Amino acid sequence: MAGFYKVVNSYDEALQGLTHNMTVMVGGFGLCGIPEGLIKKIYDLGIGGLTCISNNAGVDGFGLGILLEKNQIKTMIASYVGENALFEKQFLSGEMEVKLTPQGTLAEKIRAGGAGIPAFFTPTGYGTVVAEGKETREYNGKHYVLEESFTADFSLVKAWKADTMGNLIYRETARNFNPMIATAGKITVAEVEEIVEPGELDPNFIHTPGIYVDRVIKGTFEKRIEQRTIKTI
Amino acid sequence: MAGFYKVVNSYDEALQGLTHNMTVMVGGFGLCGIPEGLIKKIYDLGIGGLTCISNNAGVDGFGLGILLEKNQIKTMIASYVGENALFEKQFLSGEMEVKLTPQGTLAEKIRAGGAGIPAFFTPTGYGTVVAEGKETREYNGKHYVLEESFTADFSLVKAWKADTMGNLIYRETARNFNPMIATAGKITVAEVEEIVEPGELDPNFIHTPGIYVDRVIKGTFEKRIEQRTIKTI
Amino acid sequence: MALSREQIAQRISQELKDGYYVNLGIGIPTLVANYVPKGMDVLFQSENGLLGMGEFPTEETIDPDLINAGKQTVTAVTGASYFSSAESFAMIRGGHIDLTVLGAFEVDQKGNIASWMIPGKLVKGMGGAMDLVASARNIIVAMAHANKQGESKILKSCNLPLTGVHCVRKVVTDLAVLELREGAFHLLERAPGVSVEDIKKLTEADLYIPEHVPEMAF
Amino acid sequence: MALSREQIAQRISQELKDGYYVNLGIGIPTLVANYVPKGMDVLFQSENGLLGMGEFPTEETIDPDLINAGKQTVTAVTGASYFSSAESFAMIRGGHIDLTVLGAFEVDQKGNIASWMIPGKLVKGMGGAMDLVASARNIIVAMAHANKQGESKILKSCNLPLTGVHCVRKVVTDLAVLELREGAFHLLERAPGVSVEDIKKLTEADLYIPEHVPEMAF
């Protein structure tokens, strides 16, 4: 299917159109399931002023952490950050704005963005700083906060396998935020471990249908482990 | 896992606790992917006054259509109905109340119910009768309608395979409304074609995690076809 | 001469582009799938949960678990995927479908469409039509230009209950191709042998007629 | 004597029931998994997208694609499932988790909990804690009864920024098991060798003391 052949052969092609001050969503939970090569390419290109939406912000020298070295992130939207010294420094100095968002609200805001839902009520954060300035409402005696959805100029995800038409499957907990992020970008790029021919992925078990994916690139992954824990017998 | 063994051996057990005037969600699209035996059992039990949430209402003598024979449905919430004469009669005579809901809004209301979202904004139905009496709001120049979520006393779904812990997978377009409905019932019963041992379903490709499913029963399915269309060469 | 249903579908197929994801409504729109230009790849979405709908099955391959939104047995093409109705309408509502083709009873010059309900007749429901028209980036309506009594269905303002507002962009009827621009239907093409005067007569809406209105080419 | 972290976890494990789906927070709550009573089956949910979290892996089975919400490498039990973060929090927010155990800096008699932010210190974020406390049907807080300066952390009203309101039901500290009923903490059990007086002294909140307060049994 020529019109649906989405494989690109270079990171330059993969990120074509990404420019300063754009909003970029990046999949992954900690260092698990992150599009390593695409992040590295943003670093190499030196694109700055980015608003970055991702559950975490990497560690010193790996993942989104490398973008801090050149101050490429202007605003970081995440649920949990500060696993690295550089982040802490830029956060405290005010060089970078950080908008903390509860993890489930973050996931749902991204899912809503991709699904054409501009806003929804959630119980999360009611009565806390998260609800400040936001509309609240009671349903059946419980209180809810109105949250608006997120979309992005570019969505960068990491998948296990893709076919050339952009259908994706993820592996284990490396799935995390990737499926929703894949739906919420004007341009969605998937960096994957393996690219197969259409028909090789079972249509019954595709996690992200190709309609959401604009470009597919085969990456190589270090898969660095953040907390190496081993059973002690 | 004793505590997670959810298989029941009779339809009586499967529907235990279902009583008159309850709200019941039923999976399926037309006659595709419907819990045939569970519907039949409601008919046999003669439970009435039901509020039934399902995309369609079956045909004469099959699917939800059989519940009309004994006037068991008081209120029908669906996106498309009237494929059967009995439905038409009860609808027009006012014996049954019918609340038509756009298909995507119906799917999202059920998904929201299971996901703890009491209400959301959707563009669907703005400017039509569907939006009458509902709050509307503008986001980025586009108009949206506030829709509230659905939950049910019982959710009845049809799956292809279950393991004994209630993990489910669906097959092809027989998936349709079943996954959301599985999440939105106080008690969720899955009628399936095959029951396997835990571990036999790939954990990477489970459509409905067992946490949503309370009871599993092995059914036998006629799988009646509504519109038999064959290629004419 | 007025176009047949097949010819309307054939004309609409000229609006397809390589790599388009397309949702076709029931009726004439379904026929568009038969006229995909050679060498062009298009994927059809069926809102019950299938991306990559193929042709009807044979007696041997018929499968009750595999139907389209019209509840007809179908097949799936290579590279297809199945998903839930919630995911399907997330796809639709999120604006991921490139082109939606659907039928209508009436359209008007405000871009409104009425396609689901005729007061006094049995109401079967809107199915997915309201979601599709509220969400699609690009909607083409396939319909008859007038009813059997010769009354226009291309109106200043719809009479029937609406399916959606401000959403119609292009209309292909048995007589003409119309595009809605700034509150008026622009007459882009006419059916072979049908005169501009014929079309004017059967169009209640404001109609902008360019100097040259070519005949449709097939 | 005050309980150790392990003993707090052990006491909380008595609240488990066969067939429970449980989410354990970071710290003491994680240890609860080590004390599941024999013959009882419990499934642990990890909010990054795993239902059925198992023990830590061996050097041979370690897998960077398989971590828990604390970013530690883990394993999955038989019958586990993986899903997206949106699905995971749908599960949490929708009230499908039977029991949530999490740590806290402070709790108060209105059922409020503060666990994510200390002004003046670096704020790392709330992660999934706000979703968990806003949604769980059944929340147990595992925490120290007082800080090192002997100041109570069981308060009339939390001082720190809140994680959630009106959500705490039960608190297990190094000194006591408390249950919140009608605006007061009821002292259900005391740690072995700890007197009711000791607990009263270190509890700022309104404390209801029944006639008989048994020692915890392990």
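A, B, C and D label the chains in the order they appear, each numbered from 1.
The rule we apply is simple: a contact is a pair of C-beta atoms (placed from the backbone, for glycine too) under 8 Å apart; a residue touches a chain by one contact, two chains touch by 3 or more.
Since the structure is predicted, the reported quantities are computational estimates derived from the model, not experimental observations.
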Which of B-D and A-D has more C-beta contact pairs: A-D
Subunit B-subunit C separation of Cα centroids, rounded to whole Å: 29
CA centroid of subunit A to CA centroid of subunit C, Å: 36
Set of subunit B residues in contact with two or more other chains: 108, 111, 115-117, 122-123, 170-172, 203-204
Contacts with 2+ other chains: residues of subunit D: 76, 82-83, 89-90, 92-93, 135
Pairwise touch network: line, ring, star, complete, or other: other
Which pairs of chains touch, using the document's own definition: A-B, A-C, A-D, B-C, B-D
Subunit B to subunit D touching residues, read off their complex: 1-4, 111, 113-117, 163, 165, 167, 183, 198-199, 203-204, 206, 209-212
Residues on subunit D engaged by subunit B in the complex (per definition of touch): 17-21, 39-43, 45, 51-52, 76, 78-83, 87, 89-97, 135
Sites on subunit A touched by subunit D in the complex: 29-33, 55, 78-83, 88, 91-92, 100, 102-108, 110-111, 122-130, 160, 170-180, 207, 223-232
In the complex with subunit A, residue positions of subunit D that touch it: 46-50, 55-59, 62-74, 76, 82-86, 88-90, 92-93, 112, 122-131, 134-135, 161-166
Contact footprint of subunit B on subunit A as seen in their complex: 108, 112, 115-123, 137, 139-140, 142, 144, 148, 169-172, 202-205
